[in-house]
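Structures are listed in the sections that come next.
Below are two complexes that have subunit A in common, paired first with subunit B and then with subunit C.
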Partner chain A sequence: MSGFSETMGIAASGMQSQTERLRLLSENIANADTPGYRRKTASFEPYAANTMPEGSVQLGRVQLDQTDLTTIFDPSHPMAGPEGSYDGSNVDLVVEIADAREAQRSYEANLRVFDQVRQMSSALSDLLRR
Partner chain B sequence: MFEPLEIFDLAAARARHAATRQNVVAQNIANADTPGYRAQSIAAFDDIYRRLGPDGLNSADFSRTFDAKTPLSPNGNSVSLELEMVASVDAQRAHSRALNVYQSALNILRTSIGR
Partner chain C sequence: MDLRTTFATQAYDQARASTPISPDLGTQANDTGAGQVFQEAMQSLAATVQNGENIARASMTTGANPHALVTALAQTELAVETAVTIRDRVVEAYQEILRMPV
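What follows is the complex of A and B.
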């Protein structure tokens, strides 16, 4: 017998992971113009500790995207090298926005499940009334 | 004096099945962005009922999951949020239907004892 609270816990773990992912995204977007910044990425993985119900999800270790940094030509910039250019970040705003949309969509789906389960459990407790 | 009433077992088992299905849906949706995760599903209630019959329902374990075999996305994940939404609403409706059956059976029982 799987309890409703367990199901809600799973949906909550999904929402939490999507929130953390959105946090990383906003760090990336905020640092889009920081010289030498590498975008942070993290992958979803099954929840390891057994404090959460089976089937929960968590965000894995944060990794730095190792693609090449963009080279920006600006001889007047304080960090410009002898050839007049410096390393920018490797954040691609289009990718970040697309990722943010996906995070939002998944978050809403988790929320819908949470609400659905809540309705089911309140319908069940309605049986006890009268 | 107190005969076991089959309709209560049936309605309770149906509600239990819907709750288990909802649990699996929650797992799928939570893992909608986990690379390599395969969407899971459980056997339909009518299949289980046909296999076990009315007597087996009480102890039936619905939680055995299997790969739902939906198409993979490039990261090896096979969860379709749309299909899961449908399954979730489906489970919720099945659950409330089962509870309604339980409730009206209860009402009939109450009426029959004159309360």
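What follows is the complex of A and C.
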């Protein structure tokens, strides 16, 4: 019984983390054209608090990607410097889309685990009912 | 024939007097009998259901984490299903005893 509910909790923490990851991705994609925007990343960490079962996962601190910003040449832009260019964001849409797809796949995997646990526990109850 | 049934009744009375009728259902202090086990199980069930209701209410009113809601509801469903199954088995066993030819 406790194994079932712990597995459910761990799978739910995985789904929660992937949701937060997708949230950061959506920020990055939305700000792809914002001048000076640095893409946000976060790492996955083991859950520290003891309110969740051991082995749960959570998202760590949000960090800014420190790679160089793209230089966009546009002399008519209000932020353009003396050489006629300004700093854009360092968001690469291809990377973000690939990351989003990865988050989706991982979410689905956690969802499958959740459903599997539910099916297993209800199969066990059915055995008792016969 | 009448005499024999009277004797049987007397013997039954004696047997009943010599053996304790009521089994100890957790009446002793450090007893882990069936009664206490059931009591703990029911308290655990009530806590699980209460937790599920609290999270459901929080999710409806303050928009709490939907994953926590799904987890709590699944755990509540599991607990209630188990409790209902065990109750059915207990009632079934009791009825089986009642059907015993006396």
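Throughout what follows, the second predicted complex is superposed on the first by the 127 of 130 C-alpha atoms of A that agree within 3 Å, B and C clash if a C-alpha of one lies under 4 Å from a C-alpha of the other, contacts with A are read in each partner's own complex, and residues count from 1 in each chain.
Definition applied: a contact is a pair of C-beta atoms (placed from the backbone, for glycine too) under 8 Å apart; a residue touches a chain by one contact, two chains touch by 3 or more.
This one's a predicted model, so the numbers in the text were calculated from it and none came from an experiment.
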| item | value |
| --- | --- |
| Superposition on subunit A - do subunit B and subunit C clash or fit | fit |
| Subunit B versus subunit C as contact partner of A:Ser125, first or second or both or neither | second |
| Contacts of A:Ser5 with subunit B and subunit C, given as first, second, both or neither | second |
| Which superposed partner A:Gln116 touches (first subunit B, second subunit C, both, neither) | first |
| Subunit B versus subunit C as contact partner of A:Gln63, first or second or both or neither | neither |
| Partner chain in contact with A:Pro46 - subunit B first, subunit C second, else both or neither | first |
| Subunit C versus subunit B, contacts on subunit A by residue | B |
| Touched partner set for A:Ser106, first subunit B, second subunit C, both or neither | first |
| Contacts of A:Thr19 with subunit B and subunit C, given as first, second, both or neither | second |
| Centroid geometry (CA): angle subunit B/subunit A/subunit C, rounded to a multiple of 10 degrees | 40 |
| Subunit B versus subunit C as contact partner of A:Thr71, first or second or both or neither | neither |
| Nearest-approach distance, in Å, of subunit C Cα atoms to those of subunit B in the combined model | 8 |
| Subunit A positions touched by subunit B in one structure and by subunit C in the second | 1, 4, 8, 13 |
| Partner subunit B, residues of subunit A touching it in the complex | 1-2, 4, 6-8, 10-11, 13-14, 17-18, 21, 43-46, 54-57, 102-103, 105-106, 109-110, 112-113, 116-117, 119-120, 123-124, 126-127 |
| Partner subunit A, residues of subunit C touching it in the complex | 65, 67-68, 70-71, 74-75, 78, 81-82, 85-86, 88-89 |
| Contact footprint of subunit A on subunit B as seen in their complex | 15-16, 18-20, 22-27, 29-35, 37, 63, 81, 84-85, 88-89, 91-92, 95-96, 99, 102-103, 106 |
| Complex interface listing, subunit A residues touching subunit C | 1, 4-5, 8-9, 12-13, 15-16, 19, 114, 118, 121-122, 125, 128-129 |
